[in-house]
Amino acid sequence: MTVRVAVAGASGYAGGELLRLLLGHPGVEIGALTGNSSAGARLGTLQPQLVPLAGREVAPTTAGELAGHDVVFLALPHGRSAALARELGPDVLVVDCGADFRLRDAADWEKFYGSPHPGTWPYGLPELPGARAALATATRIAVPGCYPTAVALTLFPAYAARLAGPEAVVVAASGTSGAGRTPRPHLLGSEVMGSMTPYGVGGGHRHTPEIAQSLSQVAGERVTVSFTPTLAPMSRGILATCSAPALPGVSAEDVRTAYAKAYADEPFVRLLPEGQWPATAAVRGANTALVQVALDETAGRIVAVGAIDNLTKGTAGGAVQSMNLALGLPESTGLPTIGVAP
Amino acid sequence: MTVRVAVAGASGYAGGELLRLLLGHPGVEIGALTGNSSAGARLGTLQPQLVPLAGREVAPTTAGELAGHDVVFLALPHGRSAALARELGPDVLVVDCGADFRLRDAADWEKFYGSPHPGTWPYGLPELPGARAALATATRIAVPGCYPTAVALTLFPAYAARLAGPEAVVVAASGTSGAGRTPRPHLLGSEVMGSMTPYGVGGGHRHTPEIAQSLSQVAGERVTVSFTPTLAPMSRGILATCSAPALPGVSAEDVRTAYAKAYADEPFVRLLPEGQWPATAAVRGANTALVQVALDETAGRIVAVGAIDNLTKGTAGGAVQSMNLALGLPESTGLPTIGVAP
Amino acid sequence: MTVRVAVAGASGYAGGELLRLLLGHPGVEIGALTGNSSAGARLGTLQPQLVPLAGREVAPTTAGELAGHDVVFLALPHGRSAALARELGPDVLVVDCGADFRLRDAADWEKFYGSPHPGTWPYGLPELPGARAALATATRIAVPGCYPTAVALTLFPAYAARLAGPEAVVVAASGTSGAGRTPRPHLLGSEVMGSMTPYGVGGGHRHTPEIAQSLSQVAGERVTVSFTPTLAPMSRGILATCSAPALPGVSAEDVRTAYAKAYADEPFVRLLPEGQWPATAAVRGANTALVQVALDETAGRIVAVGAIDNLTKGTAGGAVQSMNLALGLPESTGLPTIGVAP
Amino acid sequence: MTVRVAVAGASGYAGGELLRLLLGHPGVEIGALTGNSSAGARLGTLQPQLVPLAGREVAPTTAGELAGHDVVFLALPHGRSAALARELGPDVLVVDCGADFRLRDAADWEKFYGSPHPGTWPYGLPELPGARAALATATRIAVPGCYPTAVALTLFPAYAARLAGPEAVVVAASGTSGAGRTPRPHLLGSEVMGSMTPYGVGGGHRHTPEIAQSLSQVAGERVTVSFTPTLAPMSRGILATCSAPALPGVSAEDVRTAYAKAYADEPFVRLLPEGQWPATAAVRGANTALVQVALDETAGRIVAVGAIDNLTKGTAGGAVQSMNLALGLPESTGLPTIGVAP
């Protein structure tokens, strides 16, 4: 069986990464590629790395162009998915890489996005407890944000095993591709090379409630997150440094055991051997998360660090992984686990 | 008055930065430049940026070579300062960029450095309460570590004003020059470019007790620090993302007022206007710290972020600033405040 | 049919890239992995990106460990291949990523390598005229250097079509992985980030005679090459900017036609549409060469620019491509053509 | 004597660098700072590195705002200088960092800029033969382009000493700040990090005729230049790799002697000791050019490589150096020669 897929937003970074993965996926055939300002251009001028698709023309992003496919990936600015999804009909699998359908709490949505809550779709993070079952029957999937993917994978075992208190602190460094391809002054190479800078500090980043949602679900209680994203001088990669108070009596062995157990059967998450810490370069282009954890006995905190590629496991790889589950394919189909390093 | 200075460790990064600053200092004359494996080489082959010193030969690091100067800067691996300082005599101003004399607590020293405590010298961070008076009469100065400088400057106002609880969490990104110039595999350009990675996680980094010492002194109580350093793909710069629980009733205005007051008369620390966050590029080569702070009301934490150049304010600039105080010169003499950006 | 392969030098950059590609090759099974100083270590600590091989132990590089495989890849310092190859016997396919057997001219070898000429093996650049036939029957293959691969692919069509005079000028920028993984001061991240520097200027780089050999062979006359390699602040990639005098009467159309014809059936070389120039990022991790050419009528020169990944098409990918030919497999088996960009 | 200076284009990279240097210049006082889209903003939000000017407001770029200063620096898009200069009157020293008045040949101007030739001003490259005399009496100065500065300084001694034939080949790598601060997709950090790419290949770059003009003037005959600029993953710096045919009988010693003589009394150009090649990092933020040269006897070419900071010696530093000459100040006043490395 070959399914026919369309990608809306093919000229952006998420769209390009989706196409890179889909070109290597044995069960799909690539149909429509759409864009907005890029409509009419050859894909080769926008995504020169996608050599096999270089001659393909970008179509405008309309429901008409996207119709007639088994799967439609949406890699669009938030706010555009609901209308398109409605027009595509219920038997098309719609995988949305945008934010629109990630949050369950309408108040959170309204506070952070400033518009009425569009609803909630099954959350495309298969590693979270219960997620696979929901994805297996889904026809609509909300792919998590890149930071929420990194943080949830890095910290959930501590909460799942009831080892950590509900006040998490996360500082995450992201490569610049996470900010998208629209040219803005602070994203110029001249500005980002040789520089680190935070943004959305103090609780203002839109991924904050999404992170809290996942951790709270796993913890069975409300977890608050002090989340500080920083922009790092690299194109790809997220390094999420996460900590939470260790509950009284928790030992280093408890922590390690919980993490080993949580990831034991996960095809895309690897707990590193003791003493080895993750580097983002090791997961460049891979759907892999590398995680390590330690107990800081002096400070009384569990400290876990995870590395993912924001475009692969953090966006396009997670989207394809979820698609595989929804289509009943083996979950790992077409997904690289090996990074392009150095 | 011109003082004659020597620099031990002239071929390393700290030594090179000391020389860059001292060449622009109107009150000093540069005497001996010493090194170990580099002894006998021309400085121009090791530090090609120091054009005016290109023809100078590196002498071996011995007390004999360092004798006869008014000021001796030591930029050496830890463990070597005590013996040299003893031989230099009490009227030479010795400014040690190494760790040997920074910690007051002998147990901390022994735990983190594994050797007998060599003692404690006046701490070269003038911005800390009480530091200027001690430095004014000092003949021995322990220059702080680069991370401790960044964190203390970023977080002390919250503790000085009694706004924060004693459990600080710090995640700091550093440029690779902080790891020195000795070639090691993980410091290769191929490894660090495009990658972020943590190290010394869980309380193991040697700067941890030094950070705790400064914050505890300001707070008047024991402050614990969960400290995670990360290596960032840039040559210079530290971005320190620091947070601590806000004490009950603390408002955003309280926080801002405390920070504004703490830095009001500081020549080298600047609280940015509200909404602007520091980038390390803006302080490249400058003795400036840029700081911003916010109150995260949902998470109940004060979040402060500071940027310094690890080699300038974090090492050589801090050393020269302290020397100025000890010599009775205006504190800012010879110290740039303007960064080389972009 | 599955062939069993060994990789000598598994802890270096070329070895790591070989393993990345071989893990995705449907016709091979990975046998011995060997190293020198890394013998005894787990591969996962040295090559964390190779997740499926993380638990494998590195064996010492001896003929004994390498025996019993169908194919042996050598990714070793030059001078070590001859003795190993001799011990492996004539029915093992030996693919040498080192320099030992690339040069035909003994005098060139002795001048540039300072040792007796070890001989010449079939040259693993299938795109050169006549190369595929020689590789089809080879049991020994000399993989070209990374620069010679980039330059030959970029410039040979101009010589094959007799459009260019025999005085080529090449300036090439390489990522730092081309210099290998042995730590040396000038390869530190602190040195290479934010900096460009040349080396081996004036004809001294060892790849110079190899470049001249390939171009001369295609041209049917002796071509001299002024070759200047430069080290660029990136991990991977070569951008080769090549020019040669246009012979009298040559038109822009002649040039374009020659290039289009030369690459028409090449699976791994792509002539970009007019006006689009190659970027190394577009071929990151891919076995693809992107090339563009122009005629500068004022200066009277043909200017061609090619981009490859030095570790993929420039080393490991070229090695696997040649192996495929020698084994009678489809030439493209297991080789990605899509880059990991951005 | 203190002169009052204005900077038009204060929010761009050239403007920011001018202000950095002027803040350290003992003979100037900084007056109006103007911009276009940035008018009304505080300089501290646009140029956070310029701490002493953080509170200054950007005025609109009009002749009225620029009037009343002794010196006006123009750092504007080309085409805007002529009208402004006319309005400023003849006793104001106008130093134009744009291209408008660099070319002497009207046909060259029209071909490369597509508009009527605005005229020619004294050329602000003091190191060229005859330039200092012209600058000493100038009230209008055309600051050279960054590439032309790098190439002319690197190659002119070979032509001044009549050692080289008139067909120069130049491949230069530039940091991204050379492309300015206007956000464009190909200048995004995500695109430029980890990538090298050429542009303006085949003679199309506007700096080509300017380079040819300088070299032809020195050579006393028409020199053609095959010029290929490339964009490198760094913020600052130009590495110019230049070569030209060695005339018959020219020896390596001839070449070295010519270079040593040409730079003997130059305060800002340094011929490196034999065997040492320039790196752009060594001149970061400095008004220094580092140059090295070799004779490739096999290829019959003189190969010279020069490194400058495109924003300092390549733009703002050259502008201040020329201003010093025009004002009768010591040429080096206020200009750093030491780079900020690593």
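Here the chain labels run A, B, C and D in written order, and each chain numbers its own residues starting at 1.
Keep this in mind: a residue touches a chain if its C-beta (ideal position, glycine included) is under 8 Å from a C-beta of that chain, and two chains touch if they have at least 3 such contacts.
For each chain, UniProt lists the protein as follows: A, B, C, D = N-acetyl-gamma-glutamyl-phosphate reductase.
Since the model is a prediction, treat every value here as computed from it, not as a measurement.
Novice: Looking at the contacts, which chains touch chain B and chain C alike?
Specialist: Both-contact set = A, D.
Novice: Find the chain most remote from chain D, comparing centres computed as mean CA coordinates.
Specialist: Farthest chain from chain D, going by C-alpha centroids: A.
Novice: Please work out which of A-B and B-D is bridged by more C-beta pairs in contact, and write that pair.
Specialist: A-B
Novice: Just give me the whole-number Å value for how far the CA centre of chain A lies from that of chain D.
Specialist: 44
Novice: Quick check: how many Å separate the C-alpha centres of chain B and chain D?
Specialist: The computed centroid separation for chain B versus chain D comes out at 35 Å.
Novice: Using the touch definition from the top, which residues of chain D touch two or more other chains?
Specialist: Within chain D, the residues that touch at least two other chains are 13, 175, 177, 188, 190-191, 193-194, 233-236, 278-279, 281-282, 284, 342.
Novice: What residues of chain B sit close enough to touch chain A in their complex?
Specialist: Chain B residues touching chain A: 167, 169, 171, 173, 175, 188, 190-191, 193-199, 201-203, 208, 224-228, 230, 232-237, 239, 241, 243, 277-282, 284, 292, 294-301, 303, 305, 307, 342.
Novice: Looking at the complex, which residues from chain C come into contact with chain B?
Specialist: Residues 13, 175-177, 179, 181, 183-185, 187-194, 233-235.
Novice: Quick check on the complex: what are the chain A residues that touch chain C?
Specialist: Touching chain C: residues 13, 16, 20, 23-24, 42, 44-45, 47-52, 54, 177, 193-194, 235-236, 270, 272-273, 276, 278-279, 281-286, 288, 290, 336-342 of chain A.
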